[in-house]
Amino acid sequence: MTTPDFAATARRVEASFARQTIMETLGARLVRVAPGEVEIALAVAPHVAQQHGFVHAGAVATIADSAAGYAALTTMPEGRGVLTAEFKINLLSPAAGERLVAVGRVVKAGRTLTVAQAEVFAERIGGDETTRKPCALLTATLVAVENRQGVVD
Amino acid sequence: MTTPDFAATARRVEASFARQTIMETLGARLVRVAPGEVEIALAVAPHVAQQHGFVHAGAVATIADSAAGYAALTTMPEGRGVLTAEFKINLLSPAAGERLVAVGRVVKAGRTLTVAQAEVFAERIGGDETTRKPCALLTATLVAVENRQGVVD
Amino acid sequence: MTTPDFAATARRVEASFARQTIMETLGARLVRVAPGEVEIALAVAPHVAQQHGFVHAGAVATIADSAAGYAALTTMPEGRGVLTAEFKINLLSPAAGERLVAVGRVVKAGRTLTVAQAEVFAERIGGDETTRKPCALLTATLVAVENRQGVVD
Amino acid sequence: MTTPDFAATARRVEASFARQTIMETLGARLVRVAPGEVEIALAVAPHVAQQHGFVHAGAVATIADSAAGYAALTTMPEGRGVLTAEFKINLLSPAAGERLVAVGRVVKAGRTLTVAQAEVFAERIGGDETTRKPCALLTATLVAVENRQGVVD
């Protein structure tokens, strides 16, 4: 469903993501924007590691939070943005492999509050196939903001 | 209380923190290690921002998670490390100012599971004084790991 | 999949549920036990209400926590039980209607920790059809316990 | 600080608590209302137990959620109520003894969202003294509601 209207929404998400400078710092990319669903990928690399060489839970949370938040943003009319009020993340397995992919989805869209989840998968690229293992699960509560200078989208 | 024994514990925390390469990537520093209490500071800078110029919730979570986790580690005997099983963070106010300081404290130390919290403050340095405003509150569940190659401390 | 083995597991869940006296106090019933999946239903009634007449979030959490916990228990061998270490619940819409149904599912089964979710639906029974509206989403971390007197199953 | 104004606020909390019929069902009582702080006590009794005879996590969550929510309500002007958007609870030790006491406190009061915590203590009454052991820690996000029929206070 990439209607003309949704193309404009996708552009809002892309423009907002481009302003999240932490994404370039970590090496994360926006890979998919669909109505109520957004994917962000992070290459597993030495500069985002914790003490055992896995990706730090905070980096996992960064892409998961943004994937959930942007999934929520796709449900908002122009001029209304979202801020994360809180999130909870379970780390299910070590964040290792070649790439992490966070898939954010809206659970419940509301006027004031929106609940979204993000599943993070650790991808391991073999010779012929790529395997995906669940590595984290995040649930976020987003609050809609409107007409506040500088905080839209 | 920096007994000889705790000095060894503090060195374990410092050595582990030094291996968390994401900290250098973000610009975070370990500023205090005490029994059951650890502080990590992050300079507010353009490369860790979200779309409105505030520090991204994921970067806030990164220092808060490590502050809580290392607070837990100070309660563990040598050879036993901790991994974050899950955490929840509430974002209380925009992560702005000059510096964020995450103060991690153990809530309940256990053999298998330890619960720790971290408060994150946003510091604004004025002419004569530094003001601290609460900007996030994290609660984490840490699981003790022992005798697993590569995951200790 | 109700193999002979699983029939024994289902009986363990039923026997444990029967000992949860709060369930009778609230009016909750165990309605389905399957491998990795358990459902508990609660009739909407005046004695479980909060101040506006909806079912209290704590009662919603009670059936959701048990549905998640028993889903986890179905994955445990005999003699190993589970305890809830923590849970997080989002209340998505008022807990109203005729009946709440909590559907618990295992997200990740582990030796020490198991993560499970429960979705709670509010059922409204119309003339010809029953509608189900999502009313809460819980994520729980369960810790396996073994050989501790009185805490198995 | 029981100014005349706060006396009116305390009465709003008491009146709202009296309408939470689940409290009578569980055996919980409102024991203290102060600005930004509310205490609810629950007698440990057979009808609120889980399978091992401890108080069910859901009953613990019920009093903790209400203690946090009413702490938030004390900061609201008349005509504005609060609803729990979400909460997270860590169970720190078995909910046993004679009485559980949930102490709710406001962490951050806001126009739209308020964050509150509740600590739950398990009290054991000895011959000469009562000991209090931390048994749970809850963090809740409350959303302010205004001018919605039936959901105020």
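Per-chain residue numbering starts at 1, and chain names A, B, C and D are given in the order in which the chains are listed.
As a convention for this text, a contact is a pair of C-beta atoms (placed from the backbone, for glycine too) under 8 Å apart; a residue touches a chain by one contact, two chains touch by 3 or more.
Everything numeric in this text was worked out from a predicted model, so none of it was measured.
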Pick the pair with more C-beta contacts: B-D or A-B? A-B
Which one of A-C, A-D or C-D makes the same contacts as B-C, at least in over half of the residue pairs? A-D
Which whole number of Å gives the spacing of the CA centres of chain A and chain D? 34
Per the C-alpha means, the centres of chain A and chain B lie apart by a whole-Å value of 23
Whole-Å gap between the CA centroids of chain B and chain D: 29
Give me the residues of chain B that touch two or more other chains. 85-86, 88, 90, 115, 141
Chain C touches which residues of chain A in the complex? 88, 90, 92-93, 107-108, 115, 117, 134, 137, 139, 141
Okay, in this complex, where on chain B does chain A touch? 16-17, 19-22, 24-26, 46-53, 56-59, 61-63, 65-66, 83-91, 150-151, 153
In the complex of these two chains, what residues of chain C are touching chain B? 85-86, 88, 112-113, 115, 141, 143
